[in-house]
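Once you scroll down, you'll see the structures, which are given as structure tokens.
The two complexes that follow have chain A in common; it is paired with chain B in the first and with chain C in the second.
Our next item is the complex of A and B:
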């Protein structure tokens, strides 16, 4: 089979399946609403949906044609019209998938069955939109036709963009983008020049100081949440980024902080009414202690085991605080209410003052992180992360340093928990789900492990962006999950990687706890495998 | 390796770790003895019939855990990565089975007595449900491997793990959006109705052995035996073991490593799909979240048994299931805390025997 036909078939198949999934998760409806303002029509047709389908068809055609040989520099054997054929085939196949699916849906709909019982998004209105408000076969055929036309158009587009070198420009700009902020000249200056870096930090802080006064309560709250995640990101960075210990249960430390301050300052269930600041200190010490305690048994474990034990520990803490049997201690499923906060002139902090407090805590943690990075501790952790055996041979007491990393990271996690609980004046078991751990881990990884600006950027991307995109809120976690996968494939070192990490990621990394011989073996075999492929 | 060198380095006194080990061990044994004494002898709340009930529940749930755990262990044995999305693959299988039963329940064979297809031909209906569940799960697993794991084969270990976490979140939310968060109830064929079962009289009380429970247990045993034979006796199994041992040598021997990895994912998906349908038939409830807890538990089971080791996963699964159902009763604590027991056991096993219950077998084979 000629290459261009195969490209068309493959592209049509993939797009067909993906569009069926988009219909099933109801995204077509959202797209219709989003795109409707662009095509103001007086007709009864769902123009937004049609536009969305047309765009997807265009994309399918273009992606099929783009890979055809004529556009890859082999004009001798293939003709230019092959690209159009690719697009046409992609359109026909993709359209056939979607059209058939819509036809089936429409036919079931006319039989009077409510499909929402099984597939939540397929309400009668949604199906009416899919069939363009016509009979099933007519609607399906129209959609198919749209695909065929836009498929050809996509092929043509690919041809034209080729003749104008559009594709190259776009791909180079895409490459620049995917090379990331970390590679850009600005970031390089920032990474290399300490003065520039501190000036930037200064500007950033000043903006943070002025900004809250201009923002409403909602945005102050949101920024505060992002700030709390930055604190947690910095805390987990000590454990994962510096010491190289994979922790999937970071929420446990967060929960310990939140619950300690809650139980010490709230009227119920303990009724201690302590001062907030004392509660904060005790909470941090408590979190560090729990981290240390957890660390003793588990820090001997290999990386993956450590991950799963910490994950289990995080779930365990949640189950414990939720359980009814222990509700006299932890407040049970209702959680702890009326947690005290810091006072100013006899008044509780408002959202804005909390934001200031959180920013202050962030600056404090950033300071600690920077100091740690350059201390003998940070260097010991680095050595340990790179090669445990060698680090041990250099006289580093691995166990003690690991414990220290756990305890320090835990204390910062506890601090974040305190901020969270006292700002909300409430904490309950559902604040401490696994998703918190995953979010924190994800923001560190998306931002760039071991890089402070990366973590801040990651928090804004992962926690702030969804706030801006309220319309697609239902799809937030879906996109988030997909983003993690794509990120790992395209740019595993993060958006704004630290210099060291970038170097590490470009080379073969080694799992911790492997002995030297095995390491050598694996390295050579890995290199050979890579050379082979 | 690292462990021995530290302890050798400080021969004079016990290391912190060893002291901690001893303290934890003593505390645990004291607590266990005290609780056992109080619950069994002083209080004596539960008669033998209750213990039998707990054991039955444990075996059934343990069988399902074991089947899921094998999926983890197979993938871990070959790629050294935790397929975090395995629980979600199982969930999709459970949904597929649900839809098959639902569809077959609509088809009416005998209009007069209103006999539906799944009641007229229960065996066929069950086989169809299992087949669909297995196909859906295994296609998902293979696709997942192609998209999310294959490009990361040479990446550092953290990278595929994060990718797997992302895939897990993605699949879970995909299911939530497609099927809505509402819980759905499996419509079993009448022959396998939930709640019904054989009654055994123990100690003057009725103990019900549910049909679904017996079915689940038998099917999971069949699956385990089948898998064991597949891995040990067939060409494909031999290829899988070779790849697990050493990818490069296997490739030199003419084994298509990528193909074998795909096959491994397909098999782990098949097992997960079957486990999902079993879960649905026995527990009756499916929603998008149904794969998460069994997934984590099954991973725990795989670690308990010694990860990468197939008999270990089976033993670990059954062990975990029984511990979970009997544990709260033995310790005389709230049944809500069974997850805590499961994870505590995991931590204890890892402290005293980091290679898992059957871990040694693996290390011998590997050397």
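Our next item is the complex of A and C:
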């Protein structure tokens, strides 16, 4: 079978399956609503849905044609036909899958069965949309036709826009962009000229100070949440990014911080009524202590085992605070209410003031992170991450340094927990689910492990983007999944990776600088070596 | 030998892996400022013996007595590698094991770890003591780079250095600990003749200029015979010979271990030994 036919079949097959899946989870309806404003139609047809299918058809055709290799020396017409046939086949096959599926759904519908019994998304309205409001076979045929036509169009599009190498170009331009952040003329001036740098810092801080006053309560709250995730990202970065210890139960430290401040300041269940600031300090120390305590048995494990044990620990804390038996201590499933916060003129902080506080905490955490990174601790952790055995042979007490990373990371996690609990004036077991750990880990990976700007960016992407895309809230995880997969393929080192991490991830050896080589050659010549002694 | 101070003495060191005895009752003495070599065919237990001394393996039997920087005698058995390093024993590896994504200077600064006194708290506060320590570390690292002939390569990533330079950087990293005893595991492996000659000369300088005792595993007989004060020969984990290079060259058991019994018997002893050496 010629290559271009096989590619067409494959593309059609994949797109067909994916679209059926999207229909089953009801995403096509959301797409219809999202895209409808783009197509101003007065007709009864669900134009958004049609546009969505057409776009997918274009994509299917283009991706089929893109895969077909361009044969060098072949006449242009030959290539053109190749691309068109690929697109056509993709359209026919993909359309057949979707059309057949819609036909079956429509037929069942006309027989009067309610499909919602089996799948909640397949409501009569949804199926009516799928069949374009016609009888089953006509609707299915229309969809098939749309797919075939757009498939061919996609093939042509791929051919004429020379997008045979679209993916390649995209990833390379992305690489250039990220390299550009460090190498561009602007970045160089910023790096070299201290005055310019401080002015930029100044502008940044002024924006930070002014911005919250212009934002509503909702956005201040959302930004605060993003900020709390940044704090957690910075904390887990000490454990994972610097020391290289995979911790999947980071939420445990967050929970310890939240609950400590809660139990110390809230009227129930302990009734201690401590001052918030003392509670904050105690919570940080407590979280560090728990991290240290957990580390003692756990840190002798390596890699996967460590991940599994910490994962279990994260769940354990949640189950403990939730348990009825301990509800006199932790408040049980109801959680802890009326947690104190910082006061200003006898008033609690508003959302805006909390945002300022959170930004201050972020700056404090960034400061600590940078100090640690650039000290002998950062070097020792780096050495451990690269080669634990050799690091130990350099006199580094592996166990102590791992414990230290755990405790410091935990303290920062606890600090984030304090911010979270006191801002909400409440904390309960459901604030501390596994998803928190997963989100923090994901934002660090998406942003770029070990990179502070990367973590901030990652937090905005993972916690902020869903807020912007409220309309597809239900599909957030689906989009995340897709995003993560795409990112791991295109940019495995993260959106804004640290220089060092970038090196570790790239398997190509960089060419050594020529000047340094010359220096080395001079130095290693016999005369010098002997002359010096 | 007895007149000199002894830096390291092993007594009946034995290491077993399951049924295999990798090192069997090896006695060895390293005098101060001595260059002592271990040779032997592949699988003779040389590196296992090294690992016992540096703490990566715990010997099943025997004692390893080390005289530390204050001439206090310590039995190293039961010590973790990081403690042994702190006492003053550094090592290099047969296959270079630098921290590839760190710069040359950073590699050396990691090696200084046992001498750093500041804590994590000082690192966050950046106390004057820490700033001074950091500054001194960089100065010292630069000096060591110069000493091993890598001046100017400090900011180069370890992975980007040429092979010979990586070997020397690894030694510089080991020297950062200010060791009393340096264990070199095949320092000239994979080097050409010129580089090997340079390395041999460099090892002599380590002794003459820094007063370090050197314990060496080496396959290149030119290097071993040219540099060593004493040579210990291992075969199947056991010490089969010990002595000066001249004595080892004439020892029939050594020739047998290297060439096989038949060859050793059939050849004129002296010329055979000379051949081994020439190889």
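Of note:
Just so it is clear, the second predicted complex is superposed on the first by the 455 of 533 C-alpha atoms of A that agree within 3 Å, B and C clash if a C-alpha of one lies under 4 Å from a C-alpha of the other, contacts with A are read in each partner's own complex, and residues count from 1 in each chain.
Heads up, the rule we're going with is that contacts are C-beta pairs under 8 Å (C-beta built on N, C-alpha and C of every residue); 3 or more make two chains touch, one makes a residue touch a chain.
Only a predicted model underlies this, so the values are computations on that prediction, with no experimental measurement involved.
By the touch criterion defined above, A:344 lies against neither chain B nor chain C after alignment on the C-alpha atoms of chain A. In the superposition on chain A, contact of A:203 is made with neither chain B nor chain C.
When the two complexes are overlaid on their common chain A, residue A:368 makes contact with chain C while staying clear of chain B. When the shared chain is aligned, no partner comes close enough to touch A:268: not chain B, not chain C.
Legend: residue contacts after superposition of the two complexes on their common chain; A:465 is shown touching neither chain B nor chain C.
When both complexes are overlaid on chain A, the residue A:278 reaches neither chain B nor chain C.
Once the two complexes are overlaid on the shared chain, A:390 sits against chain C while remaining clear of chain B.
In the superposed model, A:39 lies in contact with neither chain B nor chain C. Shared-chain residue A:324: touches chain B; no touch with chain C. Applying the stated touch rule to the two superposed structures, the overlap between the chain B and chain C interfaces on chain A comprises residues 389, 392, 398, 504, 509-511, 513, 526, 528-530, 532. Interface residues of chain C, counted against chain A in their complex, comprise 54, 56, 80-82, 85-86, 91, 93, 97, 99-102, 106, 109-111, 113-114, 116, 118, 120, 123-124, 126, 130, 133-134, 137, 149-153, 156-157, 159-162, 164-165, 173, 177, 194, 197-198, 201-202, 205, 208-209.
Residues 21, 24-26, 116, 118-121, 240, 246, 296-298, 300-305, 307-309, 311-313, 315-316, 319-320, 322-325, 388-389, 392, 398-400, 438, 441-442, 445, 474-475, 477-478, 480-485, 487-489, 492, 504-505, 508-511, 513, 515, 525-526, 528-530, 532 of chain A are the ones touching chain B in the complex.
Looking at the complex, you find that chain A touches chain C at residues 368, 371-372, 375-377, 379-380, 382-383, 386-387, 389-398, 404, 408, 500, 503-504, 509-513, 516-517, 519-520, 523-524, 526, 528-530, 532-533. By the touch rule above, chain B contacts chain A in their complex via residues 1-3, 5-6, 15-17, 20-21, 24, 76, 80-82, 99, 102, 147-148, 151-152, 154-163, 165-174, 177-180, 182, 246-248, 251, 296, 299-300, 303, 307, 333-334, 336-337, 339-340, 342-344, 346-347, 350-351, 354.
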